[in-house]
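In order of appearance the chains are A, B, C and D, and numbering begins at 1 in each one.
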Amino acid sequence: MTTSIYAREQTALLIVDPYNDFMSEGGKLYAAIKPTADASGLFDNLRKIVPKIRSLGIQVFIVPHHRSCEGDFDGWQHINQFQKAGLPTKAFEVGTWGGEFNPEFGPQKGDVIIKEHWAQSGFANTDLDAQLKQHGIRKIILVGLIANSCIESTARFGMELGYHVTLVPDATAAFSPEGMTAAATNAPMFAHAILKTDELIKALGASAT
Amino acid sequence: MTTSIYAREQTALLIVDPYNDFMSEGGKLYAAIKPTADASGLFDNLRKIVPKIRSLGIQVFIVPHHRSCEGDFDGWQHINQFQKAGLPTKAFEVGTWGGEFNPEFGPQKGDVIIKEHWAQSGFANTDLDAQLKQHGIRKIILVGLIANSCIESTARFGMELGYHVTLVPDATAAFSPEGMTAAATNAPMFAHAILKTDELIKALGASAT
Amino acid sequence: MTTSIYAREQTALLIVDPYNDFMSEGGKLYAAIKPTADASGLFDNLRKIVPKIRSLGIQVFIVPHHRSCEGDFDGWQHINQFQKAGLPTKAFEVGTWGGEFNPEFGPQKGDVIIKEHWAQSGFANTDLDAQLKQHGIRKIILVGLIANSCIESTARFGMELGYHVTLVPDATAAFSPEGMTAAATNAPMFAHAILKTDELIKALGASAT
Amino acid sequence: MTTSIYAREQTALLIVDPYNDFMSEGGKLYAAIKPTADASGLFDNLRKIVPKIRSLGIQVFIVPHHRSCEGDFDGWQHINQFQKAGLPTKAFEVGTWGGEFNPEFGPQKGDVIIKEHWAQSGFANTDLDAQLKQHGIRKIILVGLIANSCIESTARFGMELGYHVTLVPDATAAFSPEGMTAAATNAPMFAHAILKTDELIKALGASAT
């Protein structure tokens, strides 16, 4: 038996924002992330990680961004610049294909779907922390989008809350190479482990032995 | 009367981690931040901002990092890489000069001193949010250290909590130029205003008219 | 001009759990709350408070309980006694009349509908705190159900978060007279104001002058 | 081997507010809690529970109330009635005997001392949640004071956060018999287990087998 690093019943995979608008050709933001996704190998790597996780019986949590709808931010006095700039795009719009989950990386039966987050942290204003505790999770592995926005904020919050946080830089993407660089610069300040996809697969396998 | 942007009674200055170890010559981490502090003009700019804020009667909150002491992290199962690496340094150690507040930028009578934060966000595991609400604060201006660590995490948390967040990049510093660049890349994703010191001074003056 | 206690733009009415199952004849839990609702005058008092609030332009927040659905609590390791006992009832079931809002006390155009809370506090695991801040709210007035459960927990959390909390004991009800007594015993420990409906109406009027 | 209910490494005892002012003869609030403490058997029961917990190696967390000091609540706009009424008492005053921990029920070497809570919930504005996670704790057992104030609020918050919550009504007390009754009425709404001291001792023993 090897040293268990990712005990099955205490580990979760968090798939952040797996919407068609981000992850499917033709999605509103697909072109914006494609260059960094191609460079990191995002989709190929998700195709390695997600099935491996599911085959091991590790719990998957879907951590979805707020989906645009009529009346969004009505009466809000402190809309941030990013939210303001994104308004005309109507990303992940309710009732559109882009606001549906990508069939490959979205939820499957048995996954826990967390309440939508308004901004960047999957923990803020949602039930993510309580759901993780209810499932006995102590270590979270983050994949999906955006490296220096939702992934980074969810990781920063998770660390403060006491979770063990694993980042997988080649299973994420950003709106620019500079975004990827910023995420990489900051990650060692709050992550407990920063693994390449192959390293993660190996660690998961070893933990399961 | 000009348009009021920073209403005196709803605005706060958050001075993050104003310890001797960071801000005073001879401090354990002073040399580490000096290059970027010199480049940004951190100390000169704090000398403009802090007295201006005090003269306007805007409430100052001191947002202090955990101060090292015996037994730190005993029994913690998820110490992050940054905390681990920092252990031998014993930054801001209780009972030492480095763990005392810098006399120029630390608290003065009437300031609110928030509970120490364990990691990077001044909101996490402290009374910052409740204290801001008790004082009627809705807009926070962040200065101090470290740009891509405590400043960025406090800003990210503050935005999620519903505060209007102002960053002042030339009133902060980092452990490397790359840290400053990462902070600058990420800031537009969660900040409501990103101002140079001179722009902030002007906006504060206009608000007070 | 009288002393303003409930400034219009800083005050909110929180209507907690206004579902048909609670508030409409024939609802699954209507009979359970009817004795204490009749004794307190809940419905008559809501008919005074809600229109008054709306006529003054005070913002209404709907604070809804989790609505029962297939798979609820799957995989939860710490379901509490109350949740367990309630499972067969399927209160506020998605897709049923009982899980729809009561037409008289539920949301109207312009109200903010908060994310559903899993247990008792409208703040826990929801966006209530952030939404209140985004709307500039500093004082919350709580009406609806259940006095010693969701109303009390939301009040306790609101106070800790720094809000001014007003309870209106005759605009709530419980599952038993003992529940009403418990709520009344505890209220002075965390509430800032405890008003009868008529006192609230008077205070609102005076504030608006 | 019996079914393990309180696994040693996932269980914590939370001793709430074990100050001399509450727990030692001559303390400012000792007379106020004595009648209900005598009725419940608080001190005798703590003398059974605390040594048993320590002998089993279960982690103890001290959850202390804010200690009165000069300038308390300066500038606070929403002091609650209970805080206001308590101001002249200066309970748990810094620098006085009453603000020191009771030698029998206060911290011992190896205990985790949580940041002081301002009001009633030991989780609010403190590091209790993060510290529990860092120590791998999933079940919390609450003893100490006050039954319907700090104990109840800490229990309500703990449940919402996803912890398994055990109350021990005969190891607490209140300012009045009505306070004890209110706590007893409300407890089944959020607690996962409500045990007498003898039942707890037995369950702990069985878990350790």
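The rule is short, and it goes like this: a residue touches a chain if its C-beta (ideal position, glycine included) is under 8 Å from a C-beta of that chain, and two chains touch if they have at least 3 such contacts.
Just so we're clear, the structure is a prediction, and the values are computed from it rather than from any experiment.
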| item | value |
| --- | --- |
| Taking each chain's C-alpha mean as its centre, the one farthest from subunit D | A |
| Gap in Å, rounded to a whole number, between the CA centres of subunit B and subunit A | 28 |
| Subunit B-subunit D separation of Cα centroids, rounded to whole Å | 34 |
| Computed distance of Cα centres, subunit D from subunit A, in Å | 37 |
| Interface hub residues of subunit B, defined as touching at least two other chains | 77-78, 118, 124-125, 129-130, 133-134, 136, 138, 160-163 |
| Graph class of chain-chain contacts, one of line, ring, star, complete, other | complete |
| Touching residues (chain side subunit B, partner subunit A) in the complex | 77-78, 80-82, 118-121, 124-125, 138, 148-149, 152-153, 156-157, 159-165, 178-179, 181-183, 185-186, 188-192 |
| Residue ranges of subunit D in contact with subunit B within the complex | 59, 74-78, 110, 112, 115, 118, 124-127, 129-130, 133-136 |
| Subunit C to subunit B touching residues, read off their complex | 129-134, 136, 138, 160-163 |
